[in-house]
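Shared chain: chain A. Partners: chain B in the first complex, chain C in the second.
For the complex of A and B:
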């Protein structure tokens, strides 16, 4: 069945939010998503997130959501936060087509990289990434990603004296 | 002499660029930085990147640069891109003070996470991160970080449908 891809708008917030939950289930982290549909809508409206949706006969069957990051080495870049195609519509080239739209945005703005994360057991995805020439940054340079969660942020801030900013 | 931390503006671009290059040398990837001072100044003005500059008196001693990222799970958060203190000014708590400012911003904005990257051989930094309760996302969750460079972008974009 043929599909079309269009930029994601605030009208798509509800369906994207549902699919974010479906993606989290696939990632075996169903409790991950805590964002409401309204918060997502606001993020799209304020351009904190941008992306594309794939449509088959006016039904949204997949999406990609991105934001702009900044590297002090290479400047502005795209971070691809989520990419998902509903199970029934896989193997039809929709995932790759969504990827290509993101690559087109990067190309048009002369950006030097696109970044994203993937779970180490997702070998299908990893093989696709390698086939398009992407690099695992830990393998190449030894980069690790760290995260501090809210309770630890609060604790860290609590223990330090004000230095006048 | 007391530490003073200020928010970076476009005027700090040249100083920040020097420290970005010093940090890249420390990271053993000296050819990493390829952006120009003008581009950094422009991106600071447009808020594509934000920064803090630390001074001891009038002497610049360190910096931190960050951008606002967005998680479809938890909303807006800070990604800390660089944090650096010049070698002669280490062990004075300046690094921790820069960290505190970033953490304070995160807390004030109600953010649920703060993220950054580190090289796996930088055990001093990694120990500090673990002490503050930070988690290595690969070790705890299996997440890998992938990147597509310019050549890959060009190839992939070449066949994008016309919208």
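For the complex of A and C:
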């Protein structure tokens, strides 16, 4: 079945929000997404997030959402946050077509890289990404992703400076 | 004066560039930094990049470089790109001072998280971050950092749309 890819707009906020949750379920991290549909809509409106949706007969069947980051080593880059195609519509080239739109944006701006994270057990995704020339940065250099969450930030900022650290 | 921490301006581009290269050499990735001093200055002037510089008795002792991004799961967050104390100035609380200043900024803006990458062999840094409550997200949830460089982006973006997958 043929599909079309168009830029994501605020009109797509509801369906993108649903699919963000579907993807998080698949990733076995259903509590991951914390943003409301309105916050997503606002982020798209303010261009803090940008992306594309795939449509079959006017139904959204997949999406990709990205944002820009700035690396001290390579300057402006795209961080691809979510890339997802609904189960019933896989193997039809939609994922690759969505990825191609992101690559075109990066290419037009002559960015030095596109970056994202993938779960180590998601072999289908890993194979797909390697087929498009991506490198696992942990395998290559040993990079690990570390995070300090809001409660720990608050604790640290409010904490006793003589906590033995 | 012992420790002094200030916000970086574009006038600090040369000092920042020096420290970037010292840190990359320590990380055994000396070819990593590709930006010129001019590009660094511009990024700070345009607020694409933010920094803190630490001085001990008026000598440049270390720095932290960060930017802000927006993720679909948690909204605005801080990405800490670099945090580094020159060997001669270690064990005097410079690292902790920088980290505390970073955390205060994140806390004041009520950010969902501070995120950073660390090399898996850098056990001193890992201990330091864990002591402040940071979590190894690669280990915790299995996330791996993937990247596609400009050469691969060009190949893909320019490819014939009907080419075999």
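By definition in this document, the second predicted complex is superposed on the first by the 159 of 165 C-alpha atoms of A that agree within 3 Å, B and C clash if a C-alpha of one lies under 4 Å from a C-alpha of the other, contacts with A are read in each partner's own complex, and residues count from 1 in each chain.
One rule holds in what follows: contacts are C-beta pairs under 8 Å (C-beta built on N, C-alpha and C of every residue); 3 or more make two chains touch, one makes a residue touch a chain.
Please read all numbers here as calculations on a predicted model, not as lab measurements.
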Taking chain A as the common reference for superposition, should the pair chain B and chain C be classed as clashing or as fitting? clash
For A:111, is the partner it touches chain B (first), chain C (second), both, or none of the two (neither)? both
After lining up the shared chain so the two structures overlap, which partner does A:82 touch, if you call chain B first and chain C second: first, second, both or neither? both
Of the partners chain B and chain C, which touch A:6 in the superposed model: first, second, both, neither? first
Taking the superposition as given, does A:93 touch the first partner, chain B, the second, chain C, both, or neither? second
In the superposed arrangement, what residues of chain A touch both chain B and chain C? 20, 24, 29, 32-35, 39-40, 43, 48-49, 65, 67-76, 79, 81-82, 99-100, 103-104, 106-107, 111-121, 126, 129, 132-138, 141-150, 152-157, 165
Can you list the chain A residues touching chain B in their complex? 5-7, 16, 20, 24, 29, 32-35, 39-40, 43, 48-49, 65, 67-76, 79, 81-82, 97, 99-101, 103-104, 106-107, 111-121, 126, 129, 132-138, 141-157, 160, 163-165
Of all residues in chain B, those that touch chain A in their complex: 2-7, 16, 20, 24, 29, 32-35, 39-40, 43, 48-49, 52, 65, 67-76, 79, 81-82, 96-97, 99-101, 103-104, 106-107, 111-121, 126, 129, 132-138, 141-157, 159-161, 163
Chain A residues touching chain C - in the complex, by the definition given at the top: 20, 24, 29, 32-35, 39-40, 43, 48-49, 65, 67-76, 79, 81-82, 93, 96, 99-100, 103-104, 106-107, 110-121, 126, 129, 131-138, 141-150, 152-157, 161, 165
Please name which positions on chain C make contact with chain A in the complex. 20, 24, 29, 32-35, 39-40, 43, 48-49, 65, 67, 69-76, 79, 81-82, 96, 99-100, 103-104, 106-107, 110-121, 126, 129, 131-139, 141-159, 161, 165
